[in-house]
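Look for chain A in each of the two complexes below; its partner is chain B in the first and chain C in the second.
Showing the complex of A and B:
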């Protein structure tokens, strides 16, 4: 474990969307660590800022939104300080992304193979100079070879025939495979997966997860998996981060978080998963909704829905406590209030104060 | 894994490449023709349009008459299929004794040139401005859009009459007047399409693979909207031809020494009771051409959209 150096380190990242009623803190002071070849799961309900984290990493926060503070260190470079040209070289080549709905992510008017090849061409993966089109045939052949190899690797049957087909001629699972091939053809070291299995049915979901696992092991590609399904995350990831209303509420190795969840929100998420062996047991939803992120309660954001809420939870901000070697938890109910936080991110590395 | 590409002589390589290209092109053309047969109206429209184009191209070969010089002895001869008609003038003659068929064929030249050139330049201007303002929005978009709204507030014909009265008649002036307002429609369509396509996920995916904005506009979004531009452009060619005829009819478009359908209709007005063909036949020629263009455009829309196609 010790020899793994961090590939991606997010320190105190906040993303703010200004709105007419006030600022929306889509992400509030996030800390993340992804090791080389690591598999991190970001779990939470809709609107808790999971996808925003991915967009922040690839620096694609859409216009009114802004990263207000923090840094994203990728291979010891701060991505937030790169010029847009440098960032374009990082995107696709070193950090790739796959999306929830493969149907709309592929450009409908180009052949699937050509779209994958485009990524190779764009990042000059095949060495040599670009010649104008009548003379680029040798290079094209090499690129095509790589594309076919990638398509084979993600399990697209008879890639030769599939190279020149349109996205709508693929099934959903095949489209997602093609997208994974597109994301992986440049062999990035980090893959951002934004709910890659949500639009697929369960059997395909398992296949895609296995495929991503295989890629993770074969190429040591680190993966950040965003999902609302704690089950998927538990199966796939080695570290899980649970987010709520833009904040991390619990983070730790997968076994600790799923077997022995400390935060009431994680417990709630686990309780509302249907379990097939307990068919007569009713699913227990978490009461209430994700709070309005414009005016969050001053204390714990989960307090209004929390079954274990204490008076202290409603007062000032709750720090994150380190409860184990790699285990973090933002809950007063679990830690006695008198005890000082063992190690608090806010107290030590807070970079910007408003 | 390194694969060494087989060594091919440069000239051979070029020939090889072109043979592949030709094969692909032939395959696409064949497929297009097969689809065209399934849309008989489009096929008929297309054939008639091609006949018009051929007639316009080979006008001097088709007819031996001069379109501007008449034979005053043969004034207002009826078409050959009517009593009193002469075989020499299949569609009759006008008040100056000029062969109507000849003038219609030469008139097709003007109509087609005006239609194609004015639409072509309108598409160019409208697409570039529309793509930029739809993608980037902001101040640029606000300025161009308001200007477009301003132009949209005028009826096309009135606007064109005004412009022509201002800059004078002539083929280039006519084309300029048509472009001056014609680009607006393309601008609006491209801008709208751009705004909706911009939010599609494939655009975001392209950003994630590291593409720049201009490349996204030209290489990712544009191929998705080029079909609607193409179909609209085909339809607009018909409309522009009608505009040209209307202006010529009013004496503001094509100068009188060049044969044009609009001015032919106008010149026949006075003889409507004694020689109806002088006005009617150019009008019918105009109607058939525009109708054919519209039918062809409608068929094209069905054929070209790959999203409407089933698995090949």
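Showing the complex of A and C:
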């Protein structure tokens, strides 16, 4: 936004889940830049690795999955090099997450307000000397005050009454608001939102997105919004990254990507989104299915579904081309490309092991 | 509101108690063997007149429904009759024996919880580890091994061979413990009697462990599988994403949810605790209710069996009531 300092820089990030059928390369050589107060959209069909990117950033990849290579620079520190204690101080305080299904994300047996307060307590947000439990009444009261303030800010009506209620007494939209309050109560500088509106009604979706936009503007909290809906990302974000089968296929400022998409997959995503102003417009779904990341073709992963496929696309991996100042595109359709026959995806992975 | 619901539950258990009373009454009379014959011995040296006199004294000459009616009306007044064999009020006999049984049952429960919780939690946290495999194999053995057999093996090893622990009874004969509540551990604590405390604790170890082992095995398995489920849940990911240390994630966020199904199983195991104690008390010569009931059944001591079974039934209903209350406290989605 105003001050374009980098907050998060991801380089060459790859994550692998070992499985019985072989290694699932959930994400491959991902690179991202998020500026302070920026809004990045991560778009792609289900299974393309969007959540894995977010989990890698907060180092919450579930076992036996692991980051095989790359760097995640957050405020110039490589998160992958932090001790687990240092990483815990980052989680929730500097980098927070909100999730797809608010109904299962809140812990059903604790009061909503107390769950938000736990974040404050974990990170010692209230300053001063502290007496241990059960003599921490003064501290508790201050924390509760902060929680109520956060609940008010995310638009939970009568937070005083709602503080000591259980999650199942909230509607889905209210639960998601509570989770946003929980994520923001320690004032993090980065919010990772994993399809935060997918499980909600359409009208609630817009409210939640507006709330996130307001928080982004009021607090300068940078946001990475994961969504399968390019339209949502187009409305919300300033930068868009389109992923396919664990790899970035197109990245750039929102206007370039949505007005003038270069990758056939992005073009397909735009074409299959109905535009309300054009009633008689035909919605064209992308033909074919999402590929199985365990068994990708040697060439372009999108080739089986691509209307512009040409022989060079099938021969080997497609490098990513920089087509503008901040514009990237992984496609051979518009370029002539001399292939090094020894260059393969395995080659790239081996390189990052070194 | 909650108090009303609890009262409702108590009221519902009253007809259950009547049902139990009637069933026990009928079963005792359906089993072959006449109490007066058994009392007199098989010698037949007693005259027919004396036998008739005994029969009418015990109301055994009256029709079955009259006997049942007399039993029920007396029981409501708190009078469970006289033991045929010991010629003492059944309530006195039960009052004398009950503390021993409760002490043993609580010890067993304590053993079961102390063993099962660490094992169940750690096996889930380190799923498929050596500890997990080893303890689940142990749990399988614990479930399949009959209590009396385990009791005898433990006696042979720890009492007979190693002399670490006593073979039987509640306390050493020479322990000078003044009469009190009947709970020996409590009594020796209250009177500051160290020797008696150590002796009574030592006597509790083997029977308590034997009775608790099977329950520990079941609880460990239930806890492990519920922990595996809660550890995979979204709220655990949320807890981690807040910056929660792992022990807090496991012991607060995951365990608190895993307790909900576990408590239900604990409630079901109260029955095992009560039923198992008859066998364990016999194996360890534990002077409790269970051993008394077993003896009373063989002697066809109808009033004593009926009275004791009623006490078992009340205990069972009470324990389940406590578990139900605990369950609603643990699970906010359920109102009692």
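Basically, the second predicted complex is superposed on the first by the 324 of 354 C-alpha atoms of A that agree within 3 Å, B and C clash if a C-alpha of one lies under 4 Å from a C-alpha of the other, contacts with A are read in each partner's own complex, and residues count from 1 in each chain.
Here, contacts are C-beta pairs under 8 Å (C-beta built on N, C-alpha and C of every residue); 3 or more make two chains touch, one makes a residue touch a chain.
Source: prediction; values computed, not measured.
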Item to check | Simultaneous placement of chain C and chain B on chain A, clash or fit | outcome: clash
Checklist entry - After lining up the shared chain so the two structures overlap, which partner does A:322 touch, if you call chain B first and chain C second: first, second, both or neither? => result neither
Checklist entry - Which partner does A:106 contact after superposing on A: first (chain B), second (chain C), both, neither? => result both
Checklist entry - Of the partners chain B and chain C, which touch A:149 in the superposed model: first, second, both, neither? => result first
Checklist entry - If you stack the two complexes on chain A, which partner ends up touching A:60: first (chain B), second (chain C), both, or neither? => result both
Item to check | Comparing the two partners chain B and chain C, which touches a greater set of residues in chain A | outcome: B
Next on the checklist: Between chain B and chain C, whom does A:141 touch in the aligned arrangement: first, second, both, or neither?
Outcome noted: first
Checklist entry - Between chain B (first) and chain C (second), which does A:90 come into contact with in this model arrangement: first, second, both, or neither? => result both
Checklist entry - Hey, which part of chain C ends up inside chain B in the overlay, 8-16, 44-52 or 188-196? => result 8-16
Checklist entry - Do chain B and chain C touch any of the same residues on chain A, and if so, which? => result 58, 60, 88-93, 96-97, 99, 101, 104-110, 118-119, 122-123, 166, 168, 179, 182
Checklist outcome for this item: In their shared complex, chain A is touched by residues of chain B numbered 1, 3, 5, 8, 10, 13-14, 16-17, 200-202, 204-212, 220, 223-224, 306-307, 311-312
Checklist entry - Within the complex, which stretch of chain C touches chain A? => result 233-235, 237-245, 248, 253, 256-257, 260, 330-333
Checklist outcome for this item: In the complex, the residues of chain A that touch chain B are 58, 60, 88-93, 96-97, 99, 101, 104-110, 118-119, 122-123, 134-135, 137-138, 141-142, 145, 149, 166, 168-169, 179, 182
Item to check | Footprint of chain C on chain A - complex, ascending | outcome: 58, 60, 88-93, 96-97, 99, 101, 104-110, 118-119, 122-123, 166, 168, 179, 182
